[in-house]
Amino acid sequence: MPSPRTATYRAAVLEALFGEMQRDESVIVMGEDIGAAGGVFKQTEGLFAQFGAERVIDTPISEAGAFGIAVGAAMTGQRPVFEVMFGDFITLVMDQLVNQAAKISYMSAGQFHVPLVLRTAVGIGGNLGPQHSQSLHAWAVHIPGLKVVMPSTPADAKGLMAAAIRDDGPVIFFEDRMLYNMRDAVPEGDYVVPIGSADIKRTGRDLTLIATGRMAHVALAAAELLAKDDISAEVIDPRSLVPLDLDTLVASVKRTSRAIVADGGYRQYGVTGEIAAIVTEHAFDWLDAPVLRVGAADVPIPFSKSLEPLVLPDARRLAREAAALVRGFR
Amino acid sequence: MRKISYAAAIVEALSTSLAEDASVSLVGSYVLGLGPKRVLMDPLRAAFADRIFDPPTSEAAIVSIGAGAAMAGTRPFVDIGTASFSYVGWSPLVNEAAVACHMSNGAIRVPVVYHMLHGLRGGGAAQHSGSPQAMLWNAAGLEIVLPSSPHDVKGLLRSAIKSDNPTVFINHARLMDIEGDVPEGDYTIPFGHADIKRPGRDVTVIATSYVVQTALTAAETLAREGIEVEVLDPRTLVPLDQDLILKSVGRTGRLVVADETNLSCGIASELSAIVAEHGFKSLRAPIMRVARPNIPTPFSQPLEQAITPTADRICDAVRQVVAWT
Amino acid sequence: MPTLDRRTSLSIFQRMLMIRHFEEAVIALYKQGRFASHYHLYIGQEATGSAVLETLSEKDLICTTHRNHGHIIGRGCDPNRAMAEILGRASGFNGGRSGTLHICDHSHGFLSTSAVVGGCAGLATGAGFGLKVRREPHVAVGFFGDGALEEGLVSESFNIAALWKLPVVYVCENNSAGAMGPQQGGYPTAITATDSFVRLPAAYGIHCLKVDGTDIAAVYAAASAAGQRCRGGDGPVFIEAFTTRWPGSSPLWPELATVTDLNDAWDPARISGPHADWSRHHDPVLRVARELVAGGHASRDELMARDNEARMRIAAAANFAIDSPMPAPASVGDHVFA
Amino acid sequence: MSTSMQAASASSVQSLPAAEEALRLLRGMQFIRSFEEQVRNLSSGGVIPGLVHLCAGQEAVAVGVCSLLRADDMIASNHRGHGHCLAKGADVTRLAAEVLGRRTGYGLGRGGSLHMFDAANGNLGTTGIVGGGVPLAAGAALSAKRRGRGQVAVSFFGDGALNQGLLFEVLNMASIWRLPVLFVCENNGFGEFTAIEDVTAGPDPLARGLTFGIASETVDGMDVLAVRAAAQRALARARERGGPSFLVCNTYRFGGHHVGDKQDYKDDADAKAWRLKDPIERFGGWLQHCGMANASAIAALKTEVDEAVRAAIELAKAAPLPAADDLELHLHA
């Protein structure tokens, strides 16, 4: 059997962009340095050459204004893919995102839709310090009217980007910088992953590891370690946080009776709290142990090589906590 | 003890702070909102004209200026107005004020207070009813205060202005008119101390801000049904009085969290997760969350009512967890 | 045509030498893999920062940006601790929490250093507000690049500073001249519709000055006038200082495009290579060295000696940083709150 | 009569509309005035929840600009937007229903006065965030430019928005990208409760547009013909790919920031002087002055319009409130 075609996460997203821009004239790309420069992560390389300045638009460093313009363009027939260079900078578009984009379909009772994708690079790594390392996706999840996707593999990234661009509402697309060079099997040609479907990345019976984005890989590595101790962990990647595929999560937890939620955002008031709460609410009588949460330490992300790696737990720590959970609540 | 309004208590705390410390300033003086109560600020405007500045509609700049002025050694009180507008000033709030102390390894202090009015206020619709406190809690580095009574707002505001940290001080538009006992003299309420507003043995209801008042109403109703509800108000989200929360749930074994932030990644979710994690063994029923559903706030009254955490919704949730076997 | 006395011009030149050698050392340390992150260098702009800083008093406040090394070193902050911060060491100014992007030395009047474009202008305005509230006769200086003038926050800050007559000196270091720009695969440059940056603050009634950013006498004169105006309660001033982008800062990642040798100052014939034009006509260090000698303020040997001293001092700073320990893991949660 | 004489001299230089068109302008302004007056009574009567922001006094700007717009041109309004909506062709009954939170309103009663959208007439909505609608108009202009059918987008905002960084950013981009957009600043002297001079630095608001190389002019916003003439120039420029324009229309808010505002911050003499420039009185006087209409015809028009608005509002009041099923509709597209 021939080995499947592989591509990097970066290339997979770019494939989706090329595909959708060819498929649909109304798809445009906007952002800082995304034109001739090809993006600071080379994540838009080649788009400018192929589609030109009319559809691949370099904006000034005016995040709020430029994003607002994308919202207006989306209301009037375009499908903008708007890039916010670092996830930290969604702070700069917060008002247009929260008070306009998220609410326009609702406030106008469907007279207007806002078919845009806000893509942004998040994640800790490369010593970029407190203003270039945060994963602030919990904010988007908290705001009604936004869909939130967070792919963990090249294939998911391609399929979800295509789905996000075709979606008629605002979709926030979080890509982990540290996954850009990850290479894995990616279907060629037109490929769509429906938004709102979780993916069981590994099946198991003793506990469920619900892990988003990069943490899905940490969870898979942890599952390997746990297997050596005869603990069989199921790993589920929700892939999209809004809408959340609750059925798949709850069904799994009802089988395993234990769960740990792992996410790259700040732990307090974040995605782990939400998923833990909702799972506890829906699977209370099946739970043999509290739902544990693993997330970024609640500190600004420090720059130093010795501190940065401590902010997010690694596979060993996750496996330790998982083992304790399974053994401690037999 | 004498009763005064929540708004009047705010004015007393501001007045004492301005008089006590020459480095305290007000950026934006419509602290009490745009209602008739706003005239209560007039005496302050007169008495401290040189330290009270009404800025242009430039939220990003006033948040940033507040942070800078605090780093420069003064204690600004910055009024952002309606909490929905905080999103306009979001970057300086979370990228500057919240991180400066940690980023400078403690060398820089940012003793600024950001004041805002949150919540469902009656016809505020989608852009004037925001409650961003859960999102601000998710961004590390900000102290978050939600006073629910005239007594608390005076003491907590005094502490907020004395605090060396950036403090987000959030009032609910509906609280301004409520009256309560407030000591004449100066006093402070330390952060991180929750308050049991009503003791009870059957169920713990944690509520914040205006919903504390709602929860107390619900407790009255439930008492008549023989259900004794303990109403607990954290008063500050950061720092959070986790011990008192776990103690209370340890006694009652049942918890309902009632709050006005959106359900997803909201205050109810976080408190529910914390208790499930650290108080799992003491729980006799699932934790119920009464929050604002994930819907932009609608203007029309029946719809706004439909998303409000009302006493009825709290009662239903309490009855459910009590009935759970 | 403003001129400077010997003491002042030598003091400015001293700051410039320290900055230049510091920045060249940073590149070397990066090439050795001593730190990993992207970084921004001040080479080519030394005259601007040094001359402005020369006019400031101890009590004045300063805000800077991701391109902060020059302002930190030019202000006379400890190069050991600055370099240690860039290497993420516990002994750094920020204990290794912020690296190159956010270096700040509060004891020398620096506020938190923002790497969000335009963020610094808001903080500097706030610093000016604080000074006004405390009725202190000092100024707040905000250094930022021309890109900041694309951010709305900066316009809001201009408006308020002008309204409230805040003692703020905005120093816009326009280094876009000679930049490759994204079309040539270089670092991005300003995207603006205005034909002159001073028109933006002028629209808010702010007093504006334009200077050649490599002419220390001109920058010193402008900064002194601006400071006087602020201290006199006449409100903010905006200074646009033009410099030609150092070729090493033009690509997407910094490169050691030129290596400084003061002999080039008085012997241009020695200069060769692809960037000879920049070295001959736009390198502020060589220009000032040349003028100091020509003006009889110093001999070549005297300058060579100072140059050597600065080089040694920075080399010591690099060693200090390399030898410094990393922060203790347990400290990661410290100082989230005061 | 003296005010109408001034109006005449001020306006006579402008292109004079035919009598029919002139009466259409007068009717448009009177319609907005009647609507605002009747809404004010409802609001102070407590029939309307929340805050209502009225534009009585500013009618000439909305009507002057919108009277020249094509059906497929687009506008983005602000919190003081009833006039913009009506002038761009909104159905008065549905508008009233939205203000009253009725199910038959443009947003099922979920937006209210601050959030009224009318896609069929190219209205991108009123908004509750100062300056919030400005980039939406620029974005619509970006779409229009791509479509190449000569459409134009208009952004209406008040003097308060002059101090929002968002406007600064959008003016820059609109100029760089030569977007077919018209920025209309309705300078009514007050941002909420604060006089413009207390919060707006600089020689002249016009500089905010000029500095980005945008064609900018100051207009007498109480003179519908003057507004119309300036808009004409700007729209022609936009349709001929000449890029954006910036108009500062000096006008006055006869009411407060919202219904119920005591307006203690206003200067009485100043208010009186502006009242004398009432755009409707003034234009009506001018029509009589040059014999296009007589007093009785104008009075009849007012009665007819008042009646039409009253009927619409009665219909809206009779309409049902939204039901629980309407709560989640359209949350996602």
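First chain written, first letter: the chains are A, B, C and D, and each begins at residue 1.
We adopt the following convention: contacts are C-beta pairs under 8 Å (C-beta built on N, C-alpha and C of every residue); 3 or more make two chains touch, one makes a residue touch a chain.
Predicted model, so just to flag it, every value in this text is computed and none were measured.
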| item | value |
| --- | --- |
| Pair joined by more contacting C-beta pairs (A-D or A-C) | A-D |
| Between chain B and chain C, centroid-to-centroid distance (C-alpha), Å | 42 |
| Centroid spacing, where centroids are CA-atom means, of chain B and chain D in whole angstrom | 37 |
| Residue numbers of chain C (touch at least two other chains) | 94-95, 97-98, 102, 114, 116, 150-153, 156, 159-160, 163, 191-192, 336 |
| Numbers and ranges of chain B residues touching at least 2 other chains | 55-56, 58, 60-61, 84-85, 88, 91, 95, 99, 102-103, 125-127, 140-141, 293-296, 298 |
| Where chain A touches two or more other chains, by residue | 59-60, 62, 64-65, 88-89, 91-92, 95, 99, 103, 106-107, 129-131, 144-145, 298-300, 302 |
| Arrangement of touching chains [line / ring / star / complete / other] | complete |
| Touch list for chain B against partner chain C, complex | 22-23, 25, 27, 51, 53, 55-56, 58, 60-74, 76, 91-92, 95-96, 99-111, 140-141, 143, 163-165 |
| Chain A-facing residues of chain D, complex | 74, 76, 106-108, 110-111, 115, 117-120, 124-125, 127-129, 132, 134-144, 146-147, 153, 165-166, 168-170, 172-173, 176-177, 329-333 |
| Complex contacts: residues of chain B adjacent to chain A | 84-85, 87-88, 90-91, 93-95, 98-99, 102-103, 125-127, 130, 134-135, 137-141, 261-262, 264-270, 272-274, 276-278, 280, 285-289, 293-296, 298 |
| Residues of chain A touching chain B in the complex | 88-89, 91-92, 94-95, 97-99, 102-103, 106-107, 129-131, 136, 138-139, 141-145, 242, 265-266, 268-274, 276-278, 280-281, 284, 289-293, 298-300, 302 |
| Interface residues, chain C side, partner chain A - complex | 35-38, 88-90, 94-99, 101-102, 114-118, 147-148, 150-152, 182-183, 185, 188, 190-192, 252, 326-329, 331-333, 336 |
